[in-house]
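Shared chain: subunit A. Partners: subunit B in the first complex, subunit C in the second.
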Partner chain A sequence: MVFLIRVQLREDYSNLIFYLSPLVAVALTLFFGSFIFLILDLSPIESFKIFFMSPISNSYGISELFVKATPLAIIALGLSYCFKNNIYNIGAEGQLTMGAIFGGGIGLLFNDSTSVFLLPLMILFGAIGGAFWATIPAILKTKFNTNEILTSLMLTYVALFILDYFVVGPWKDPAGYGLPKSMPFPDAGRLPVLFDGLRVHIGVYFAIIICFITYIVYNKTLFGFKLKVSGLSSKASQYAGFKYKNLIFYTFIISGACAGLAGLFEVSGPIGLLYRDISPNYGFTAIIVAFLGRLNPFGIILSSLLIALTYLGAEDAQLFLKIPSAVGFVFQGLVLFFLLGTDFLNKYRVFIK
Partner chain B sequence: MQSIVEFKNIFKSYPGVIANDDVSFNIKEQSVHAILGENGAGKSTLVKILYGHVKPDSGEILINSDLAIINSPSTAKNLGINMVFQHFSLFESLTVAENLILGMNENISLTKLKDKSKTICDKYGFNLNLNSPISSLSVGQRQSVEIVRSLLNNPKILIMDEPTSVLTPDEISNLFKILKNLVKDGLTVIFISHKLEEIINLSDYVTIMRNGKVVSTISTQNEDPETLGYKMLGYKVSKAKQVRDINFSKDIFNINNLSTQSKDPFTINLNTIDLNLKKGQIFGIAGVAGNGQKELMEILLNENDYEFSGDIIFKDLNINNLSTFQRKSLSISYVTEERLGHSAVPEMSLSENIFLSMNHKREFKKGDFINFEKINSYASDVIKNFNVDTPSYNVKAGKLSGGNLQKFIIGREIMSNPELLILSQPTWGIDAGSEAFIKKTIVELSQKGVSIIIISHDLDELLDVCHQISVLYEGSLSNPLNVENINITKLGKYMGGLFD
Partner chain C sequence: MNIELIIGILNIVLISTTPLVFAGIGELVTEKSGVLNLGLEGLMLVGAVTGFITLVLTGNYFYSLFFSIISGVILSGIFAFLVLNLMTNQIATGLALTIFGIGLSAMLGKKFAGTPIDGLNPYYFIVISFLLVFLVGYFLSKTKSGLIVRAVGENHNSAYALGYNVIKIRYLTIIFGGVMSSLAGYYISICYAPMWQEGMTAGRGWIALALVVFATWKPWRLLVGAYIFGGVAIMQMNLQAIGVKLPGQFFNMMPYIATLIVLVFISSNKVRLKLSAPSCLNIPYEKNS
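Right after this comes the complex of A and B.
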């Protein structure tokens, strides 16, 4: 007896389920995540409390949630432009790094400045740095038809090494006991915090503004329409007279600028200087955030908060449950896995024949 | 004569449609039995059930009065049933003989097979060189290979699914001669078609299907195309009336000396094409598929900066280097062969699909923003004026039937008041009602002074509406023939490449 698993495209797959599937994925993640705690001999309910409740039980925790969610949201909003256009830029981590180098470099160059223009200049250069790094895979794709997944990913490691070079080489803090880090930025180059004593910074406003702009672009503008069409059918996009190569450039530049912005916010906000590990994989995690938020700008804001919580939960779990903080990545992976699974089952009918 | 196949109460449903609804009829031995119906009438499903390709939900098939359970094509072959599909399954780089031996179930040496094939070819007049590779064969010859392959299995029943849609008139008459001889020697042919004249010429009996049901099974002896058409559709179709004797004066569109020199082996190179189109003229480009139609359409649309030499002139302006967008802005409209995924996006609403093609129009934009109000009212007008059957302009394009969507797309282009409309396969695969409506619309449009180019494999369609027809053969375009008093034999020769 041979069992064949057949996969059939559904005639009419549900839009409602498309938007509900992130919730299903989260529920499944919690369900299967509880087995991880059981295997580790921990009570799932207690563990979940520590993982998902205790990190945000006070104002400091909530501030930290927004500190983590801000870069995730900004990067994911930028990435959604690429993903909508079926361009898989997975090098946001590198674009983030390059933004930090460009913007942070300005901060170090004018390290005795007290001008109010220093921070805006740093922000501008942060965005330029990210956009610059993103145009490289865009050029390679449009000129040589290279796969942007590979090039953008590989460029991430190049960017990390460039940062490495600067913080151990020319930009090393002479008073830094030989540690691989730069001098701190001047106060004029630091991102203002929203509340005294808390780390949450004005990057939150940027995230919200980018979210609304993105919503308007997607729903009301010719550019958003072009993205939608070319994401659904490249032939139809040609028929409409849209230049696909231009769209590749624009979407790469937008997502690179967003990632660069997020990188600059990290170094001029919570960190205050340049060193090796400026990002706990925000650029990669933002890919999950973008898809979990269904490439919808408001959805991305929600999913960035949820994923930010896994970062905080992992830290608390390490502290109180004595388990590795990598559990946070396990949860992120599970969410992505179940999300892809529910999407697949929504789009296709699977049966055994 | 005895019945060789009996269908008894066949039911088959797919999600949302009943493909075969209580189908019962008999097929007599040693006859040509046609199955006639529109697209979607259930003909293909029924023969796929007979060939073991599709399982019926219920019902029985008797072969020679014995109940036959046909689970797979190989069971069907063992029962003597063979099928030639509309789309061939041949290996391009292998020779004819090699392709033939691949289809054999029994062990046979290549020399023996060649002898056997040779006998069949000689007896029935297939003109095949067994040693030439498939890639060098014309579509008609490829079909011959498929038929010979079936005949090598000594079939009792041969099913042919729309065999004439890819053939020139000459090739069709040749095929019919062969089929009639085969029937004389004992074969039963089941012939699927929606072309009425063919059925009357070739077949002895015809089963007419409509919406999955059998309307009737009759002898074709006392039928003519009109009576048969009425039975197929259930209503009469008014024919488009073309006024052929308009005095054309002004040149609108010229192609001069257009050639391509692509090195891609899978494209056809165009060879010094000249075309002259007057105001209000409908010009048909006929020819068997794969003779350069795709390449010509690509150059006319200019979606991919296809390289060519020669000139394309629209209203005294050389448009060689103008993009699709710029050409549309000059009031040239296009309807491509593929509806879903090319001239319309199935996942988008009808309104959005209006904007897809009309994004060059300033009235639909406010700066960089889209003016959806204007677009929606344009969409409503298209739906109303072109009889598009849909509840609203918010419906996704993919939900519309082929005919409705085509009416919508053509309506969308016509409402933008083009001066030149270029259509590729405008009525391919759509219901007869929509087909008649579209033909009528095209004719009326030309009477208003719009110039139209139609690229089509369907000769009947071109003969119905065009003023002039040229034939595209291996990248060369024949001199135009006036449709009034057209010589069909000459046209047939042109389609086989016999023109200067």
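Right after this comes the complex of A and C.
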């Protein structure tokens, strides 16, 4: 007996499937994830408890969840502008790094400051640094027609080496025993925490504010409408008289500024100084967050919490199950695979006969 | 500088550059058919770890090479299924493959990290890498099949209209690229290191990706470019040893900056872009449309 699978382009567009597919992807990831635990000779149920429940079973864990989710949400919200416009900025990691260098540099420059203006200045420069790094692919794209995917990716590695140069060279802490890290920022340059003894910081408020602004921009403004149109067809948007090149610029600057902001929040919040590995791949993981959240601002907040949980779960798994924390990457990769795969059902009807 | 030192340096360049040649030439063929695979780093790591584990468990080089290649076939096959059959976004799928591969290789290799093995002689692979570049160059420019691959990459709709099975051809080129990346990883863990360590490919997958663009999708230039990139990395270490005061990071970012410059140069002119980059690169192929 032969099964023939036939696919047909959907004429109607199903919102239900569109918003349901992330849930299906998560379910499939858990299903396949349990096989991975079985292969490693671990009980899937126990492992999932350690992976997804124990990290958030106390106030410290919940605080850590928000610490991890904040940069992911902020970056992904910024990236959603680019992705909506069909611009593939995959260099958020570099823009984050540049934000940390710019904003963190201000903190190091005024390292004896006690002024209340220091932190706002650092935040401003963080956003400027990220935006500056994102304008490079934007200029190359609009002036020289260069593929933004490749340029933003290349610039990520350039930014990482620049940070490396600073923390090994001019900004190295003289009292740091020769370790590649800078002096700690002054207290005035540290992000206030929300609760004493926990690491969750005011970056959470920024994430929520950016989320609401993004919602309003997408649904209530002409700019949001232009993004939607040019994302569906850049030709149509040009025909309608929208300045497509300007749109590219704005979306790059917004997403770069968001990534830079996230980078500054990381170094002036939980970390407190500059060193080599300021980000555990937040810039790349945020791409997953943006897709998983369906480029919807509120969806992105939810998916950032879920992906943040994979980071925490992986740390706990390393501690209690003795498996490398990289298991978190396996789950992140799987969830993106399944999400992209299930999107197929959104576009096509599948018949089996 | 005496002659022995120069030969010594050239030898190191030769040994350390080979993974770039393998991964780069595979990705070149994939991209020539119009598919951008950002999963090189993940493919390399999984290829490295499966080869290493098989060697530790069986002690047989042939089996370890075989399973390393199989890992490349399976992973790139999954990538191909997603981007070709399910028409997913190539960028996102490639990134997912890299992230997945980094995680999977670390998990599989945990128990084997630090296990000592007898490495293979790298010179076999160096010779093979040169041969491969020659064969791929010949295949793409002189054979009919190579012409078909290029046609699919330039305009998949025309290629389909001419009766070629676009999806099948892309499956083959993606899997070829995957196998080459696995070989690059295998070379790193079995010949170059020889050992296994989490994340041991250290970003070579991304450099290989840059290399393909730097070479403007031409096999011979890829070989030259690989040795320039590899040479710069080795030169940096030696210059520091002599006491040159230029920061090493500037050498390390050279490959990326050089690629950016090449990219701007070829993209700024429409004709030049058409002559270099495959026109259908990263454009999904939908049969219905």
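The working rule: the second predicted complex is superposed on the first by the 339 of 353 C-alpha atoms of A that agree within 3 Å, B and C clash if a C-alpha of one lies under 4 Å from a C-alpha of the other, contacts with A are read in each partner's own complex, and residues count from 1 in each chain.
One rule holds in what follows: contacts are C-beta pairs under 8 Å (C-beta built on N, C-alpha and C of every residue); 3 or more make two chains touch, one makes a residue touch a chain.
Everything quoted here is computed from the prediction, not taken from an experiment.
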Original post:
Putting subunit B and subunit C on the same copy of subunit A, do they fit or clash?
Top reply: fit
**OP:** Report for A:165: first if it touches subunit B alone, second if subunit C alone, otherwise both or neither.
**Re:** second
Original post:
Which partner, subunit B or subunit C, is in contact with more residues of subunit A?
Top reply: C
Original post:
Looking at the overlay, does A:229 come into contact with subunit B only (first), subunit C only (second), both, or neither?
Top reply: first
**OP:** For A:145, decide between first (touching subunit B), second (touching subunit C), both and neither.
**Re:** second
**OP:** Answer with first, second, both or neither: which of subunit B and subunit C does A:240 touch in the superposed model?
**Re:** first
Subject >> Partner chain in contact with A:220 - subunit B first, subunit C second, else both or neither >> reply: first
**OP:** Check the residue A:324 against both partner chains and state whether it touches subunit B (first), subunit C (second), both, or neither.
**Re:** second
**OP:** Report the closest approach of subunit B and subunit C over their C-alpha atoms in the superposed model, as a whole number of Å.
**Re:** 9
**OP:** State which residues of subunit A lie in both footprints, the one left by subunit B and the one left by subunit C.
**Re:** none
**OP:** In the complex, go through subunit A and note every residue touching subunit B.
**Re:** 11, 220-223, 225, 228-229, 232-233, 235-236, 238-243
Original post:
Which residues of subunit C touch subunit A in their complex?
Top reply: 36, 38, 42, 78, 82, 86-89, 91-93, 95-107, 110, 198, 203, 206, 209-210, 213, 247, 249-250, 252-253, 256-257, 259-260, 263-264, 267-268, 270, 273, 277, 282, 288
Subject >> Complex interface listing, subunit B residues touching subunit A >> reply: 15-16, 301, 303-304, 323-326, 328, 334, 336, 338, 341-345, 347-348, 352, 355-357, 359-360, 365, 368-370
Original post:
Quick one: in the complex, what on subunit A touches subunit C?
Top reply: 9, 36, 40, 88, 90, 140, 143-147, 149-151, 153-155, 157-158, 161-162, 164-165, 168-169, 281, 284-285, 287-288, 291, 323-324, 326-334, 336-337, 340-341, 343-344, 347
